[in-house]
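As written, the chain order gives the labels A, B, C, D, E and F, with residue 1 at the start of each chain.
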Amino acid sequence: MKYEKLEKGLIYDGSPIQPFWAFTEHKVKGSSIVAWIGPLNIEPEELIDYEDVGLEIKADKMMHFIVEHFDRQPADLKTCYHRQRILVMITKDVLSELGINTTREGDDIYFEGKKLSISIATCSNSSMKIHFGMNIINKGTPDDIETIGLCECLEDMDDEKIDKLIDKICESYINEIESIEEDITKTRVF
Amino acid sequence: MKYEKLEKGLIYDGSPIQPFWAFTEHKVKGSSIVAWIGPLNIEPEELIDYEDVGLEIKADKMMHFIVEHFDRQPADLKTCYHRQRILVMITKDVLSELGINTTREGDDIYFEGKKLSISIATCSNSSMKIHFGMNIINKGTPDDIETIGLCECLEDMDDEKIDKLIDKICESYINEIESIEEDITKTRVF
Amino acid sequence: MKYEKLEKGLIYDGSPIQPFWAFTEHKVKGSSIVAWIGPLNIEPEELIDYEDVGLEIKADKMMHFIVEHFDRQPADLKTCYHRQRILVMITKDVLSELGINTTREGDDIYFEGKKLSISIATCSNSSMKIHFGMNIINKGTPDDIETIGLCECLEDMDDEKIDKLIDKICESYINEIESIEEDITKTRVF
Amino acid sequence: MKYEKLEKGLIYDGSPIQPFWAFTEHKVKGSSIVAWIGPLNIEPEELIDYEDVGLEIKADKMMHFIVEHFDRQPADLKTCYHRQRILVMITKDVLSELGINTTREGDDIYFEGKKLSISIATCSNSSMKIHFGMNIINKGTPDDIETIGLCECLEDMDDEKIDKLIDKICESYINEIESIEEDITKTRVF
Amino acid sequence: MKYEKLEKGLIYDGSPIQPFWAFTEHKVKGSSIVAWIGPLNIEPEELIDYEDVGLEIKADKMMHFIVEHFDRQPADLKTCYHRQRILVMITKDVLSELGINTTREGDDIYFEGKKLSISIATCSNSSMKIHFGMNIINKGTPDDIETIGLCECLEDMDDEKIDKLIDKICESYINEIESIEEDITKTRVF
Amino acid sequence: MKYEKLEKGLIYDGSPIQPFWAFTEHKVKGSSIVAWIGPLNIEPEELIDYEDVGLEIKADKMMHFIVEHFDRQPADLKTCYHRQRILVMITKDVLSELGINTTREGDDIYFEGKKLSISIATCSNSSMKIHFGMNIINKGTPDDIETIGLCECLEDMDDEKIDKLIDKICESYINEIESIEEDITKTRVF
């Protein structure tokens, strides 16, 4: 599983959730996690969550993670949502190591009751996809929901910390998935 | 998914990891999490982890959790290990809320570098099983590994706290799995 | 699994066979059976059965059932067609209890050699869908096939009987699927 | 799918539910339905239904059907229980054509409230198995449950009718499964 | 599994790789291999291989094979690529029997280092598809790759030999897949 | 996927076909191909092929290959038999490069009509296993079947050639499986 950090800020308009985006747009082939910093503004036709239909989903500056897995053929949504939860729980853990204590409900992370992140999982027949985004600043978010950004969660949050945080989340996730694969190969079944 | 707490202390000899143990021994039918407090002493023929062959696996007082899932037919080890990770991460989270800050490597939880827990996942064609055990006291554990018990992690740990901790872990896990099931029903796929 | 009866007559144009129709159109989330009374007139672009291409599929008044299942991930057509058969066989049984003795060939029900019903099953990666429709009156059906309606099968068929029939089919189907799920949890495998 | 009728009466002791019984005992290779007339007396170690543990399961004269399917790899219990229901529903239908009106609950057939049949489904990783048995006479059955035999359900039931009934059930089942396979090949999916 | 040889030369524009093409265009229902002789000129919007985007894929005269399998529900790309390899290896073998010794890399066949064939595999939720094409003459192929045709590989290659070659490949492939299905029914599993 | 060549001659008694043999006996963890030279004498209780029951299966000197795959969860026999065919076809190819022209029927390789090899595939819920053995000398084989050894197929066959042949088969197989995995990650699906 590869980790690619995009240097160029990219707007998340929903299209990166499509299968094979990492390969067709960024030449990243195979299972991968691609991360970058950029705004969020999901086009209605790119919506994956039927409960979000009609809602505005936007933010000025987020860290974005796009995960794609090819290890299950056919791919399935159930496995993908388990991995999404693992990604979100890892993030909560990494934040806690930074001193940012958050709460989690399903795939949402909150800081002092304010929404810090968004996420969705989906799949095609051949790959499983996850988008996970976390506000860096609390600007440009919808009015109807109280949100927060990482810069408000920690006093001395800076670009370097943000950068390391992104790396840490990606590396921890890759390690986790690999350790699961490895545990399979040591286990007696019935 | 049902939660059953066994009042009677039961030695964990490895046999509860067998499929249908909850039903044949405790009349708990269907997907479930069964929890109890008791010693650990795994019989060699009940070993699931091929890496543990030849090792002594024992402890005097642990909280035990046995999970069984019937929602995937056929059952598979990969899904099961994802759920094991989710169970362990939930436990780490619940401990942290109690003020016990631990670290995690795969399915092991450590407190100050000392091993607090053990876990394994396995499956048959029709069900997925997880055992997760956490030391309450640090007695009767193998000599060749540094271990610790929950009572040493928190000064005022008592029976009531232990009891609530067990409930919280089980309820959080059940909620998590149910929320995953629900997310599937709101998600557009490709 | 939920049962929803729509009070408003709805034309079946083929679109309800699309995944997530129950949720996006009627706020029915999760596995469900939705039933209503209305005409049938399938738009060519909504055709699921490649053998029906070029045929007129229409009727003036039918009872319609739309089933959606999310319990298998990934969803598959084979399971879905087994369930379609179970739904049709349950219907034949319920009709027989009313004194209407029919014959069945695959997913078609006949009364005295005349076609009483139509059905199709399909799926996406995440859900399995079934449409089953049964003529209430024998009007507006294609000329090239001999059809019949329930009102001609039983002398004293009335709105109340129709209504109860719909409920009985839906409840029996839901019970059947649930009893299958339950049987899995009592069965030793090899 | 092959149909084999065994001429020699064979006691059903539970062992025919084991995978590959048709091949190792009767040289019937591949997916098949094997039928015969004989007593029932299930050995405790052959029990498949955990709810039957401790019960006597016996009868003096039954028609037995053993189904084995190799068309899903890996085999799964959920598909198998769907097929079991289809087999039982087909039987109810065929009985009804003979003038024997029965009721059904899950996989049990009743005549005037008395139990006429027994059934179980199971699987290994590579094949799905069903046993379905129906009393011909009401002798040798357990005392704690009211049972009945086909000879009591119909006045002029005789060996020839029994024989034709067996053939009809098997042929209808085979046709049904084949028609499902065929429907898959005409169906547009999403 | 059916074998259909189309007499009429057909241009391969990429559309035959779509699911159900054999049925909707040629009334071949179910799992099949369809073969014909014709040019190749893949429309960009029909491209399946993301690595081919932007490339010209064309040739004046090829033998084409389109395989479709419905035996796995859901269908999956991994199984399909295994079958593609088997088809290509069978072809290499059949060519070798004709005295044409080739080399193979993945799904490509080479003669004296020159590309003789192209292939792709894909699937929908319900069927697995393979296209395999082999140059008969070396005309109309892209300039940027060295290609060759069967007529240059063997001095006395003629229409009858080509015709028999097509038959041999198709029959061998069908036999192989059927022999795999049969081996499953003789094998003990753990 | 790992390749391990055992230096110590080992008798193939059938036990290496059991899941996790590579790990429990030779510390080779994960998907692997293990090869060695040694006699064959399958114990009746280790038989996997029900058609071999009662037959003597033995030889004095063979090259043995044991493959285990953990990449599909649950593992299935159908995928495993496809891989077995690929392994056998690769071997036929590699032999042909050495100047040994053989024929193949399913998983058997023949030289001048004499049987050169044996093979079986099987699986548990978590891994797929293949045994492939090829006679080096034609000694100790059953009387009722005409067999041959590699040393009779090629005049100057020696230990070094045998050794390189084993390496070539293993490496080619590993490359093939890896190239299939990679092709999945470049393919558009429907």
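The criterion applied here is as follows: contacts are C-beta pairs under 8 Å (C-beta built on N, C-alpha and C of every residue); 3 or more make two chains touch, one makes a residue touch a chain.
Being a predicted model, the structure only gives us computed values, none of them experimental.
Of all chains in the assembly, those touching chain C and also chain F are A, B, D, E. Of the two chain pairs shown, B-D and A-F, the one joined by more C-beta contacts is A-F. Taking the mean Cα position of each chain as its centre, D sits at the greatest distance from chain A.
Fitting chain A to chain D on Cα positions gives a rotation angle of 180°, stated in steps of 5.
We define each chain's centre as the mean of its Cα atoms; on that basis chain A and chain C are separated by 40 Å.
A separation of 51 Å divides the Cα centre of chain B from that of chain E. One simple way to say how far apart two chains are is to compare their mean CA positions; for chain D and chain E this gives 43 Å.
Shared interface positions of chain D, i.e. residues touching 2 or more other chains, are given as 19-20, 23, 50, 72-74, 77-79, 123-126, 181, 184, 186-190. The touch graph of the protein chains shown belongs to none of the named shapes.
Interchain contacts (touch definition given at top) occur between A-B, A-C, A-E, A-F, B-C, B-D, B-F, C-D, C-E, D-E, D-F, E-F.
Put simply, chain D touches chain C in their complex at residues 18-19, 47-51, 72, 77-79, 81-83, 85-86, 89-90, 92-93, 96, 104, 106-107, 120-124, 176, 179-181, 183-184, 186-190. Taken together, the chain E residues at the contact with chain D in this complex read 19-20, 23, 29-31, 70-73, 124-126, 181-182, 184-190. Taken together, the chain A residues at the contact with chain E in this complex read 20, 23-24, 73-74, 125-126.
Remark: chain F residues 50, 53, 74-79, 123-125 touch chain D in the complex.
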